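Once you scroll down, you'll see the structures, which are given as structure tokens.
What follows is a pair of complexes built around subunit A, which joins subunit B in one and subunit C in the other.
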Partner chain A sequence: MNPNLLAAPIALPLFVAALLLALSRWGGRQRIGLQRWLAAVTLTVVLVVALALAQFTLGGQRLVLQMGGWQAPFGITLIADGLTAILLTLTALVALAVLPFAIATIDLHRERMAFYPLFLVLVMGVNGAFLTGDFFNLYVFFEVLLMASFVLLTIGGQPAQTHSGIRYVVLNLLGSLVFLAAAGIAYGTLGTLNMAHMAQRLDAAPMAVRALLAGMLLVAFGSKAALFPLFFWLPSSYHTPPPAVTALFGGLLTKVGVYTIFRSFTLFFPDLLAAWQPLLLGIAGATMLIGSLGAMAQPTVRRVLSFHIISHVGFMLMGLGVALNGEKLAVGFGLSAAILYMAHHMLVKTGLILAGGAVEIEMGGDRLQSIGGLVGRRPLLALLFFLSAISLAGIPPFSGFIGKLTLLQITLDSRHWTVAGVSIVASVLTLINVMRLWQEAFWGKYEHPGRLTPWLLDAPVRRWLVLGPIGALLLLSLGLGLFGERFFQMTTTAAQQALDRTGYIAAVHPVQPESVAGPAETGGHD
Partner chain B sequence: MTQLILALTVGILFACGAYLVMRRGQIKLILGLGLLSHGVNLLLFGSGRLTLGQPPIFADKQNFLADLARGRLADPLPQALILTAIVISFGITAFVIVLVNRRHTITNSDVVQGELVPLLVEGDPFGAEIREGYGYDWLAYEVDEVYERGQMDARGSRVSPDEDESAALEREGYDQR
Partner chain C sequence: MPELYLRLLDRILTPVLLILTLFLLLRGHNLPGGGFIAGLMAAAAFQLQILSRGEVVVRRQVGRYLHPGIGIGLLMAVSAGIAGVLDTGFFVGLWFDIPLGPLGHLEIGTPVIFDLGVFAVVVCVVTSFLLGLNAVAEGVDA
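Presenting the complex of A and B:
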């Protein structure tokens, strides 16, 4: 397979975004329709590329591209393994599902303020973070996706948006600064920033360096992934942008943080995976519990769903915590379950936020106490919301069931009773929460807080642009649930690939002639 | 000695930045973020070791690594990293300033408040005077209420400044429907 394909998920959205910007400023016409079509075509092509990569890498191989022909520690490496390919596919699916909803619901003002180019740049940043094999490049892609998300969050300039925007920007910036400091320390102590090369040299590095780097990365990536003590930015900002933007963020952003935690712990610190297991599982348990308890107290649909994102990130971290455990089960079973859960979460969560957004737009507000009785008016939306909700809560035959079952099985098998118990409690709380949403928004007397926008689900094309993606995501979730075993085999391949760090290093193959010695090996700062 | 000075500078920048970021004022927040990113940039600079008076240019292509180890040339990589980091932090700082400015024009206040707590302009350290009908910052309320701005203004003040947010929610009847 041609390794140049690896650049496509990054380069294509970037170039099309630039083209859209140029088009929208050229000749005084915005060409919104053309922008929409080009964005859709781009994302479809990215999906095809991601599927091709998944087809290739899930056979157990890795695909490596050394940018510009520079050999490994000197140039920038792009590398795709199973984990990367699965996440690229999911990213493209989520983006393709959100795009029609955005076309139907985003107002013309935002569309004119470069909404579609920003959308593509966000996708490019996410893809880049998944693909890169260079530590500093990872930082740059994080900043790219954060910059796009800053603007998407605050575009339109509603008072609440600027208010939450400040918190979101500042807390994410602090996380990025910790990451950047970690990159500086890594270069100072290891003398390299190529991830495979770093992994090689970390084996010989003193424990203090390893623990310092692991701690800083856990803080930096944990703040992006909204782990327990660092999650505050998420529920205080996700309810302010338009629903389409929230769905895109909820589907993609925290998952980049989770992916980087997975990658850094499997590649850089596999021994800390065992040594820090109580810490990881403790954070996972606290995150699950805080997320689902916080959701109980929230007064609006989107705030409840935002808190659920936090809760589910805890489940994924639990899978990483038990990645190497399991007495009766194969190695990598835990990580595999976590990846499967991530796939379930990205599809279902996006669908549910879209459904919640449709409710919000339909009702003219999403404060639970002032809405109700939608089931009689919009039965199809009600059905889609209900099925997405029970999929999120983990009722078979949807994907939530298989995701939670495999995670629970490995946790029980490795005898971590407490965190397994916490995860069951969190699941029950999730079920209560989504049923609360269902009851408040769809049952009871029909009421709405005032300004109605009846155009949304009555307009012939818009109706399907809104309901179509939710239904498609639901079908994917159903497929993931019904063919769970097949998908679980794929994620197991991906997990074993991710845990096989010698294979990763060999694939990147950093050159090191005798004379090549970084500051770490020569030592002795004067 | 040079290294000690560099390390102390980085530490002081981090400490001042962390202090400023934790303040309520938005201007202090911006200054704090600036100091923190300077601290990180200096840390990156120090990661390539300190080489005094040498250019980051390879004169001898064969033995540059030996030269690097002996301190005959400066490591060019951290400088490239810092350049990237400076550009990024510059962009983000500009964005934050615009955001803060936008917020200031809306609220006429510099204070960052917690969620659901209405701002009292009286409490603003920059001392904006309370104008007629401009007592509170309603930003802190839910987005749907902000959308329904007309309704919001008509209702007037529902939460007195002494009340905390949970009491306010309770009085609004969230729990006793």
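Presenting the complex of A and C:
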């Protein structure tokens, strides 16, 4: 397989975003329509590339691109293994689902302020963070997606948006600062920033360096992933932008943090997975509990849903915590379950936020106290919301069930009774929460706080742009649940690949600095 | 708010800054310098214009080109990377030897295009920041 394919999920969205910006003065009224179509086509192509990569890597192989033909520790490496390919596919799916909803709901002002280019740049940043095999490059992609998300959060210029945007960017920049400091320490002590090369040299590094780096990375990535106790930026910012933007963030952003925690702990510090297990599981448990308890106290649909994101990130971390355990079950089962849970979460959470957003726009507000009775007016939306909600809560046959079941299996198998119990409590609380939303928003007397008459679901085209993606995500969740075993086999391959660090290092194959100077003549990709 | 002395200084300094920009841009190929630094320098020239002529005038003159400029710069930079795929891989540099008759020959490659792209992005982004900040400073509604 041609390794240049790895550049496509990064280069293509960036290229099209640049094209849209360059043409932003021409085309008059058709311009926005052109932007929509180009964005949709781009994301579809990225999805196809991601699927091809998934098909290749889930056969147990890795694909490596040394950019510019420079060999590993000198140039920037892009690498895809199963985990990367699965996440790329999910990212493209989430983005493709949010795009029609955005087309239907984003106002003309935001569309003129380069909404679609920013959307593509955000996708590019997420893809880049998944693909890169270079530590500093990872930092760059974090900044790319932070900046793109910051602008998406604040365009429109409502005071509440600016307020939350500043909190969001300041707290995230603090996380980035810790990450940057960690990168500096890594370069100072290990003399390299290529991730495979770092992994190689970390084996010989003193314990103090390893523990310091691991701790800093856990803080930095934990704040990106909204883990306890660094989650507070998320609920204070996710409820202010338009619902389409919240759905995109909820589907993608925290998952980049989770991915980097997975990658750094499996690649750099596999021994700390065992030594720090109580810490990881403690954080996971606290995150699950805080997220679902916090959601109980929230007054609006979107705030409840954003607190849930936090709770679910805890489930994923729990899977990582028991990644190396297994008595009756195989080693790697926990990580595999976590990846499956991540897939479930990305699809269902996005769908549910979209459905909640549709409710909010339809009603003109999303305070639970002041809305109600939508089930008679919008039965299809009600049905989709209900099914997404029970999928999130983990009721079979949807994907939430298999995700939670496998995670519970491995925690019980490895005798972590407490965290298993906490996860059950968090699941029950999630169920209570989503049922509260369902009851308040859809049942009771019809109440409509907005001043405008409901407009969102009246025009047929717009109705399908809004309901279509929610339905499609729900179908994917159903598929994930029904064919759970097949998907679990895929995630197991991915988890074993992620845990096989010698394979990763061998695939990147960093040469020793003494042996080569200058660009390799052959291009260096194999 | 136009300032008399600054306008005089501006006539002398702006060409100097722009020549320095060009120098830094081309020098950056093998030595310290390059598109990013040259871009900042060019943006400094724009800031001088803003100080001497006022934000409104400069915005009227260049404001509408800034967004497309960012796009064109990004396009050039990404295209330089994609051009490498035609050879062996993403971001592999391609080199062309252009004979210039008696002047010798000019070896030019995709990294120069990349640098020019970065230059355009930096100039446009920083200038639009400066315009926004100056609008706030001058009390003009951006």
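The rule we apply is simple: the second predicted complex is superposed on the first by the 505 of 526 C-alpha atoms of A that agree within 3 Å, B and C clash if a C-alpha of one lies under 4 Å from a C-alpha of the other, contacts with A are read in each partner's own complex, and residues count from 1 in each chain.
Just so it is clear, contacts are C-beta pairs under 8 Å (C-beta built on N, C-alpha and C of every residue); 3 or more make two chains touch, one makes a residue touch a chain.
Because the structure is predicted, anything quoted here is derived from the model rather than measured.
Which partner does A:460 reach: the first (subunit B), the second (subunit C), both, or neither?
neither
Let me test your reading of the model: by the given contact rule, A:24 touches which partner, first (subunit B), second (subunit C), both or neither?
second
Considering only the touch criterion stated at the top, classify A:14 as touching first (subunit B), second (subunit C), both, or neither.
A:14 contacts subunit C only, not subunit B.
Counting residues of subunit A touched by each partner, does subunit B or subunit C come out ahead?
After superposition, B is the partner touching more of subunit A.
Where does A:206 make contact in the superposed view: on subunit B (first), on subunit C (second), on both, or on neither?
neither
In the overlaid three-chain picture, which partner chain does A:33 touch, first (subunit B) or second (subunit C), both, or neither?
After superposition on chain A, A:33 lies in contact with neither partner.
According to the stated criteria, A:165 is in contact with first (subunit B), second (subunit C), both, or neither; which is it?
Only subunit B; A:165 stays clear of subunit C.
Considering only the contact definition stated at the top, list the common interface residues of subunit A for subunit B and subunit C.
525
Please output the residues of subunit A touching subunit B within their complex, sorted ascending.
Where subunit A meets subunit B, its residues are 136, 140, 143, 147, 150-151, 154, 157-160, 162-163, 165-167, 169-170, 173-174, 177, 180-181, 183-185, 187-188, 193, 236, 239-240, 299-300, 360, 364-367, 369, 449-451, 515-517, 519, 522, 525-526.
Please give the residue numbers of subunit B that touch subunit A in the complex, ascending.
3, 21, 26, 29, 33, 36-37, 40, 43-44, 46-50, 63, 65-66, 68-69, 71, 75, 77-78, 81, 84-85, 88, 91-92, 95-96, 99-100, 102-103, 106-107, 112, 115, 138-148, 151, 169, 173-174, 177
What does subunit C use to touch subunit A in their complex?
The contact residues of subunit C facing subunit A are 64, 67-68, 70-75, 78-79, 81-82, 84-85, 88-93.
Sort out for me which residues of subunit A touch subunit C in the complex.
Interface residues on subunit A, with respect to subunit C: 3-4, 6-7, 11, 14-15, 17-25, 65-69, 78, 114, 117, 523, 525.
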